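Reading through the structure tokens given below for one structure.
Chain nomenclature is as follows: A, B and C, assigned in order of appearance, with residue numbering initiated at 1 for each chain independently.
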Amino acid sequence: FGTCCRQLCDYPKNTNVHISFPAVCFVWQTAMIILFGIFIRYNEESDPHWVEHKKANNLSDLDNDFYFRYPSFQDVHVMIFIGFGFLMTFLKRYSFGAVGFNFLIAAFGIQWALLMQGWFHSLDAEGKIRIGVENLINADFCVASCLIAYGAVLGKVSNVQLLVLTLFGVTLFAVDEYIIVSVIHARDAGGSMSIHTFGAYYGLCISWMLYRPNLNQSSRLQGSVYHSDVFAMIGTLFLWMFWPSFNSAISDHGDGQHRAVINTYLALASTVLTCMAISSLFNKHGKLDMVHIQNSTLAGGVAVGTAAEFMLMPYGALIVGFCCGIISTLGYIYLTPFMEKHLKIQDTCGIHNLHAMPGLIGGIVGAITAASASKSVYGEEGLINTFDFEGKFKDVVPTQQGGYQAAGLCVALCFGVGGGILVGCILRLPIWGDPADDNCFNDEAYWELPEDEEAASPVLHYNNHMQNKDV
Amino acid sequence: FGTCCRQLCDYPKNTNVHISFPAVCFVWQTAMIILFGIFIRYNEESDPHWVEHKKANNLSDLDNDFYFRYPSFQDVHVMIFIGFGFLMTFLKRYSFGAVGFNFLIAAFGIQWALLMQGWFHSLDAEGKIRIGVENLINADFCVASCLIAYGAVLGKVSNVQLLVLTLFGVTLFAVDEYIIVSVIHARDAGGSMSIHTFGAYYGLCISWMLYRPNLNQSSRLQGSVYHSDVFAMIGTLFLWMFWPSFNSAISDHGDGQHRAVINTYLALASTVLTCMAISSLFNKHGKLDMVHIQNSTLAGGVAVGTAAEFMLMPYGALIVGFCCGIISTLGYIYLTPFMEKHLKIQDTCGIHNLHAMPGLIGGIVGAITAASASKSVYGEEGLINTFDFEGKFKDVVPTQQGGYQAAGLCVALCFGVGGGILVGCILRLPIWGDPADDNCFNDEAYWELPEDEEAASPVLHYNNHMQNKDV
Amino acid sequence: FGTCCRQLCDYPKNTNVHISFPAVCFVWQTAMIILFGIFIRYNEESDPHWVEHKKANNLSDLDNDFYFRYPSFQDVHVMIFIGFGFLMTFLKRYSFGAVGFNFLIAAFGIQWALLMQGWFHSLDAEGKIRIGVENLINADFCVASCLIAYGAVLGKVSNVQLLVLTLFGVTLFAVDEYIIVSVIHARDAGGSMSIHTFGAYYGLCISWMLYRPNLNQSSRLQGSVYHSDVFAMIGTLFLWMFWPSFNSAISDHGDGQHRAVINTYLALASTVLTCMAISSLFNKHGKLDMVHIQNSTLAGGVAVGTAAEFMLMPYGALIVGFCCGIISTLGYIYLTPFMEKHLKIQDTCGIHNLHAMPGLIGGIVGAITAASASKSVYGEEGLINTFDFEGKFKDVVPTQQGGYQAAGLCVALCFGVGGGILVGCILRLPIWGDPADDNCFNDEAYWELPEDEEAASPVLHYNNHMQNKDV
């Protein structure tokens, strides 16, 4: 009882972000405005001079990249805000935090990503970053890695910590992606390596650094209720449906985008069946578990991220999905409890099963598919076109490319682990307003809850009742 | 009390799909991989050789069918997974089954549909099926008919039965569609006949074969709660909004797609008003009924499915919607209870009112519109283009085409009724793990529910309370 | 107790729309059919003769405006039906009314808008209105202004009143838009003036005319519950994500659409951070308030509506979003209570903060951006192209255009205020079946609720309990 009291007294101090959160928001947003003022301009296709450029080059309006990319961009946008946001609403009392902080991370992250990625990729001779729709897609991609990391620490950190996680996450991602794509010349259209592997290990290492031995004090809040599971399915399904757009959004125009969609569509379909089969098989009454359906059905999309635009072949996509559905679901059943108990990694959403393992598989599948590419399958021009064997990479052969892909995977892994440990150290400082162990997974810490919520919520009723009994 | 006890004891045996469900999933998914390995390849536009083909034919990237069809494909995809899935979440305690089994059916069905439809439509000289984005749309369409059928048996069958329903449903659909579209040469862009009429009668006949005289034992679970009705509206609205994409997704490029969108948009708008009017008029206090709003507002989209790409004229679309809103809502008020009582057809979602009747109307509207087509309205080339009067059908005249349309409707009806009876017989075998009469509409049979669900759910509280009182 | 009794007795009389609602629906829908029959035809691009037109003009299928506009149209469509509908579901017991009446208003409004806007903009020499996808987008836009107005009177009016509000709202909008865009020649792609400013003041003035001094009798229903707030976030996020499509949907092909997307994307991202910062800063425990997150995060999209297609510059968009996030959130904290108390304007959803103020800001930003346009920034052709300095407006210079923009804002304001007062007078007539003061924000008045809702809803339980105690 004394402990309980003390914690209740500590509570306002612990989670006090009254000054720090608004301060960080205002300062960082002001910094964004200044940096955008200095660096960011419209690119050729979003500038009013385009009408002259169009005439000079005998182009049509449709040649504007906008019409190739915008529908995919909007699908990716939905995945970021609705998909990731609602996927995390499964906790009975952390839906506001799931969807609200997801919104915060993404809204800040896309701005910072436009700058970071711009400095690496789009800086022109005048020192300006020229942006268009492809940059917006890439910014969304970059933010995805931070949202994956959020999944590991969901409910255990403050909004200020999340902003710090995002600031460093985006920075690391931009460097990581630059090395993988531009220096090493690995292909990674759907980001199995740069987004999923990096993001997942980044989040897992942060969670490891922030290990809470007494987290079971919040165990009453660490489950779902019926309707929160249905909300989470909104996230799952939008991610599942639009994943083909994710993996094809920045692929080459024409056959590249087309093929990436087909492969992703098939891999995801296959995953659903094996995920459900394993979920039922390993349940003592043969029942399905919503946690698996919400998460593991997506593993196939992660695992074809790198190879989606390659000649993976339709049956190859099905095989990848088949395996990932099994591995990811078994991960939830065996690996997540093991990691929590023995490795001190508390992974709220099980991102190790949904992003880390499938991401690694995706990197390996990409390396093998690239290494086994041949002119007979791709055609001479097709091979050059698909793997971008141009400029200083014009003499690369597929087996070499396979090696580059493997190197890319290692880089992603190193950045994830290294970055996660570094940022985890920073987030351990006692200044960020994170919640007490018995107050994790609880929206009450950072959100005004509806006034008569106690009356409205049988869960809290029940919990209060239980607590009274305990006392 | 004795009966109750016995049923509780029977319960684990009844719904035991511990072995059968995973076995079916694994075996069928493995079969898919093998068949895809043998048959499925990328088509010209999703193959890396396309870059050469493009140059040879002086095409631009935008000529890839991907850019004509992909936005519509994604809309259709959302209708299949979110639309149908959430539409069925209205039951107070069957939301997991609604959205989860919908997911399962669709994920399996699209794979089998790619094969079945491919064998009939896309088999090339080498015996390979060449797939592209249009095949993905058609696979989604095919699955829609099975999801419609699911609506009739919602809550009364096991997941294994649903997979069997899908296997046969997709097979029958592919044959049915081949006869209607390729043999008879009826036009059916939005599938009023091949998707809705077929799917609805298929489901209704299965439900008839599986008639449960004692289903009222589950009547406590056969209604909605406040939030489950709001979830269902997510499904309704996504279906309603994207129906123009559904009816135009495989129409001819250019004016065909454009016109199909306009007609569907108008028919649906008109339906909303008459549906709400009838719902209010036939309620004793003039109140609206959520069941009608969730379902009957969609009837107009079904009924313009066939004629959407024809010259139905904007006012014609409004008239079709006007009538369907009335008929469908009256169906819910009078016909569904009548069918349950006198025809022994238990139709959980009322698919007879949403798909069967509007589908028949759609077929008839299509036949009349086709028969009354003329060169003065369509133009000479427009007529050929719209009705595909080419090749061996180049001498067909509109009145003949009207006859073909009517014949197509009869074929759809026969396949639906015949197939439903056949598959219903198979599903009556006592090996499929279907729930007991007092356990229908209950997620508990096939899903791990959140642990403190009993405490969290006032409904169950209430029901338990009532049951205790009864005992 | 006596008062309570009397009100309960009055209740069936008060909200009786048993005859009037179906009658209005049927008569108006029939009128739509007749008017569509007389006036509405397909335009060139949705007519079967297009195939001939295409050949004659050497066009490709892709030149059909359908492929430029359809993806944006579908995004706008989602905003109208899911976005606005779910945004208003936040009330604990008015979710059916929010999403259902939103559906009703929009379905009727789009038909009437096609006619009204057609008469002003698309009437051809034969007296026919030729419609295509751009008309569908404009109809959705028009309806948006009525849905904004609905936000002010949410829960306080009957469905018949809403139809009247829509009939007049659409009519006023069409005149208002004609004057702004065609007569004054102000540019307003995203409708900061014509949609948001007009719609908001229209709704606020209606709410002012319908002032209810005893509305606190419904105060028990005037808040949210946990899950209704999560539902509202679905609306918020779909509005937020698709707002770039809204502001770019009818912009010029090519760079215009492209630029409008970038500006809107950035303005919205910036708004999220300042909105959350202010929400936390002005809360006594630094907690975030869901009302602000649901609404004020969208203010940036409203405020760049006019200037989105201009050279606002990326940092300019961020600055606009920055300011609007602050102003809109402060509006919820200070202005809404002030307006209710002192100005007798009861604004259920706070549309003054989300639409009125940001709309005014948007008009002003548009005027300034237009006035400061120059050939050096836009290029000679770009300037003509962006501001449409053609035909009788070919001699307009940017400073003049700035004046036109300001004039457009004034027109929108006048139409909103004047129209609102007029329609408010009409809606005060005691024939519309509006709810009693103690029955506002209650779905029970117009919807059949699930039967065991009382048992299912702890809120009502609680309220009943409280009421019993009071008595």
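Quick note on the criterion: a contact is a pair of C-beta atoms (placed from the backbone, for glycine too) under 8 Å apart; a residue touches a chain by one contact, two chains touch by 3 or more.
Molecules present, by chain and UniProt name: A, B, C = Rh family C glycoprotein.
Just so you know, these numbers come straight off a predicted model, no measurement behind them.
Per the C-alpha superposition, chain A (Rh family C glycoprotein) sits rotated 120 degrees relative to chain C (Rh family C glycoprotein), a value rounded to a multiple of 5. Homomeric contact chain B (Rh family C glycoprotein)/chain C (Rh family C glycoprotein): same residue numbering on both sides for under half of the interface positions. Rounded to whole angstrom, the centroid-to-centroid distance between chain B (Rh family C glycoprotein) and chain C (Rh family C glycoprotein), based on C-alpha atoms, equals 33 Å. Shared interface positions of chain C (Rh family C glycoprotein), defined as residues touching 2 or more other chains, are 62, 67, 71, 227, 234, 458, 461.
Residues 12, 16-19, 21-22, 25-26, 28-30, 32-34, 36-37, 40-42, 45-52, 54-55, 60-62, 64, 66-67, 70-71, 74, 77-78, 81-82, 85-86, 89, 93, 95-96, 99-100, 103-104, 107-108, 110-111, 131-133, 136, 159, 227, 231, 234, 445-453, 455-458, 461 of chain C (Rh family C glycoprotein) are the ones touching chain B (Rh family C glycoprotein) in the complex.
Within the complex formed with chain C (Rh family C glycoprotein), the residues of chain B (Rh family C glycoprotein) that make contact are 62-63, 67-68, 71-72, 75, 92, 223-227, 229-230, 233-234, 237-238, 240-242, 245, 253-255, 257-259, 261-262, 265-266, 268-270, 272-274, 276-278, 280-281, 283, 285-290, 293, 297, 311, 313-315, 318-319, 322, 377-379, 381-383, 385-386, 458-459, 461-462.
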